[in-house]
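Both of the next two complexes hold subunit A, though its partner changes from subunit B to subunit C.
Moving on to the complex of A and B:
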């Protein structure tokens, strides 16, 4: 094994293990039929078969991924705009709203989105996007405003243009704080997307909801297991990413 | 331009222009003959005619103009206008109800359109903006909402009879009271229990570095697992306990119900509670502790009279985070039969009755905001040296 690969494996070992377990569980759930039969001896069916687990996982990832990507672009973009000279007027309002919006419970936001946007996958994406924006905006603002003005001035004094200062100084320095916000946002989104199963979006929340409705504990455990593994995979990946950032920019 | 002319405030004019576009362009209210049939949407000018709809644009335009040449006096005028506009919203709904809803049909109902929500949101943003520009305290901000709430209360009590939200409430006012009570009881029990356990854990972990790593590892792990999954995973073991342990069954522990909900809520609440307590106790300046010891205080006295009071605001910050989080999570707990306001949300989603969803979601939102404001104010007050 080359040293680079070994170092990479050491760094990404934990997320890779979780990812492996996640894939294994979504592909081989049927192999565990005996366990689920023991859990739920009276039900006719003990493995959720309405949709493949891998398909559900894919849909879950798609919804969270699209919403998170858009939220990152819009959130970091908004934070950059309101910290530029021409956007400063909007800074107090955006900062106050981003910190106040954190108190809105995700379920309530999701529920309020349905009357306005309707049932289905698109409303979920919009709701997740809007809600996921708040931690990203708040952390991006904190990161960008936390930079020592002297650093900014030194970069300008070296003859860098405003755009260069933003790209080569401000954003890299703020990156760890921004990434922490992205992590919060994605973690909340994975959980909230599962609730999307109650508003007509099909994803890993489906087996849980179906299990609760039909009183089938085996379904619930299957859905919960996969969502839990997905959350742990993503969260541990972010932890590695943050640890690595911290070392690089210390 | 005069030398002392202040820079124009561009935020308020932008908010007001978007508000006007929403007012003229989006559906303001919808009317349905009964609960099942989807409503017909009406724009503002379809209710009061173009003259009325355009006339209503004058106050927001005035706010925009006042803000373009801001001075404290002008911004105060703008603030008054915004509060008046917020008070006018229920009156506007009442007007729409008398014009559109047939009094012969007792089942007919008035729904809130997207224009209404956008307007409410933008007006509240304008209120926040003005409050921060005028450097008004939080308290004044809340006081400003009192006339608005009074206007709403008056409208709901007298002429908003056909409002769909109100009709849903009327149909289940007893259930609503029980749900609010259950919700608050679950949140209170979870926060109370996690406060006791959390402080105990933090004190236990303080002297042992190994225990700290392990403890925070477990709590972080718990916090990562989505609520729906954790509620689900707790169903099976608790159902087993309820079926096999007699005294637990007598207490009402079953797979479905308050037991798994409370357990999961406490599990989630522990991380912010332990972390804040820990940080708070560690954050006390060692020099202060040393001088207290030097004054001849015993360890116990130092802890109770110096460390704890100094740490209290940060611990309360943990209580605030935990409470707000628990209010939201309790809504999810309704899915496993724990009761509470989440029940209305999921019932409403199941029946595609959006006003029932609102009946659950709006109080949860209000509860979270009020809890956040109250506990935030309390922790500010407890800061050494009083309110900041």
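Moving on to the complex of A and C:
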């Protein structure tokens, strides 16, 4: 094994283990039939088979991925804009929105989105986008505003343009804090996305909803297990990413 | 050459700098002193346009600064601040190479320049190039700050309390190094400081500011001997002004040839200041010193009367 690969494995070992378990569980859930039979002796079917788990996982990831990507672009973008000289006037407004929105339950966002956007994948993406925006905006603001004013002064004083200061100084320095916000946002959204199943979006929430409706605990456990493993995989990957950034210049 | 003509800066209704005129010749080090909030930093930052002046004109080598592109202007002016403002996510070598990189110098030239500056400022390449700013002591960080300001070889250097946060010994060393650098590089420097000894030691021209105006300017010795008013006198040290003046004059300027009298036991180096000579007299309870050179050879003598410049019959 080359040294680079060994170091990479050591760094990413934990997330890789979770990822392995996640894939194993998605592909081999049927192997655990005995366990689920014991859990749910009365039902005819104890393994959720309406859709393949791997397909559900893919859809789940897609929804969370799209919503998170949009949230990152919009959230970091908004934070950048209101910390520029021309956008300062909107800073209090955006900061307030970011701290207030956090108290708004995602179910409520979903309930409001459905009448406007109808059933399906779109309302859940909108709900996740809105809900995931908040930690990102809040952390991006904290990160950008937390930069030592002397660093900013020196950057400008040395003759960097505003764009250069943003790209080479502000964003890299704020990155660990921004990334922590993205981590919160994505992890919350992985769990919240399951709610999508209630409005007709198909994802890992399906077995849970179906389990609740049919009184089948085994389905619920299967959905919850996969969502939990997915959250752990992503969260531990972020943990590595953050630790690595800290070592570099803190 | 830097020239300010009747320059004013207003922040809203407050006037931070109030119609100042100033001329700093090429190769001159001009120190701005004055109480906190009198407009020293504002003056400095108007020169590199981090702050735009409200009225008057600022010229660099005869050209109004407003005629320059903002970024281009700053890239040809070195800027050093008290808290260094080093980029925490860049190693030392990269921090120093910032302006050359902005100016798109070729890689190899930047590398050479960084090495040159690091050795000039006593930062061995091997041990410092890859360190991050948080791994440096205050004095080392400030050296990096100075190196970064000098990187693209600017004619002009603006320094805002560069050594203000350092301990007295490190400050002393860096002042000496700056003097040394200046005697070789002949930059045009505007230097803000709260430390009067530092100002007197480094400055060719001393500018005293109060409430946004220049109260007095001139050679340090002239200001010490003839302060314009009580404010200048007290800022320059009140009754201690005598000591500050003594600190600006070297023993060799006052000494007399060895007299036929018995040679004095207490000795002082010819390049010591009168202040140091006075301290030796006090310590040795002597009113006469033998002046020696680098080889410890007596080259003259200095009496207390002669040191204080007493007139013959008083």
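Basically, the second predicted complex is superposed on the first by the 250 of 250 C-alpha atoms of A that agree within 3 Å, B and C clash if a C-alpha of one lies under 4 Å from a C-alpha of the other, contacts with A are read in each partner's own complex, and residues count from 1 in each chain.
Going forward, a contact is a pair of C-beta atoms (placed from the backbone, for glycine too) under 8 Å apart; a residue touches a chain by one contact, two chains touch by 3 or more.
Everything numeric in this text was worked out from a predicted model, so none of it was measured.
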item	value
Superposed partners subunit B and subunit C on subunit A - clash or fit	fit
Touching partner for A:38 - first (subunit B), second (subunit C), both, neither	neither
Subunit A: partner with more touched residues, subunit B or subunit C	B
Contacts of A:217 with subunit B and subunit C, given as first, second, both or neither	first
Superposed model, angle subtended at subunit A by subunit C and subunit B (C-alpha, nearest 10 degrees)	90
First (subunit B), second (subunit C), both or neither touched by A:164	second
Touched partner set for A:112, first subunit B, second subunit C, both or neither	first
Minimal inter-chain CA distance - subunit C and subunit B, angstrom	8
Touching residues on subunit C, where the partner in the complex is subunit A	48, 50, 71-75, 79, 81, 83-90, 98-99, 102, 132, 134, 148
Of subunit B, residues touching subunit A in the complex	7, 9-11, 114, 117, 125, 128-129, 132-133, 221, 224-230, 232-233, 235-236, 239, 255, 324, 327-329, 331-332, 335-336, 342, 345-346, 348-350, 352, 354-355, 357-358, 360-362, 364-365, 368-369, 372
Contacting residues of subunit A [partner subunit C, same complex]	148, 150-161, 164, 169, 172-173, 248-250
Touching residues (chain side subunit A, partner subunit B) in the complex	39, 89-90, 92-93, 96-97, 100, 103-108, 111-112, 114-116, 119, 187, 190-191, 194-195, 198-199, 205, 208-209, 211-212, 217, 220-221, 223-225, 227-228, 231-232, 235
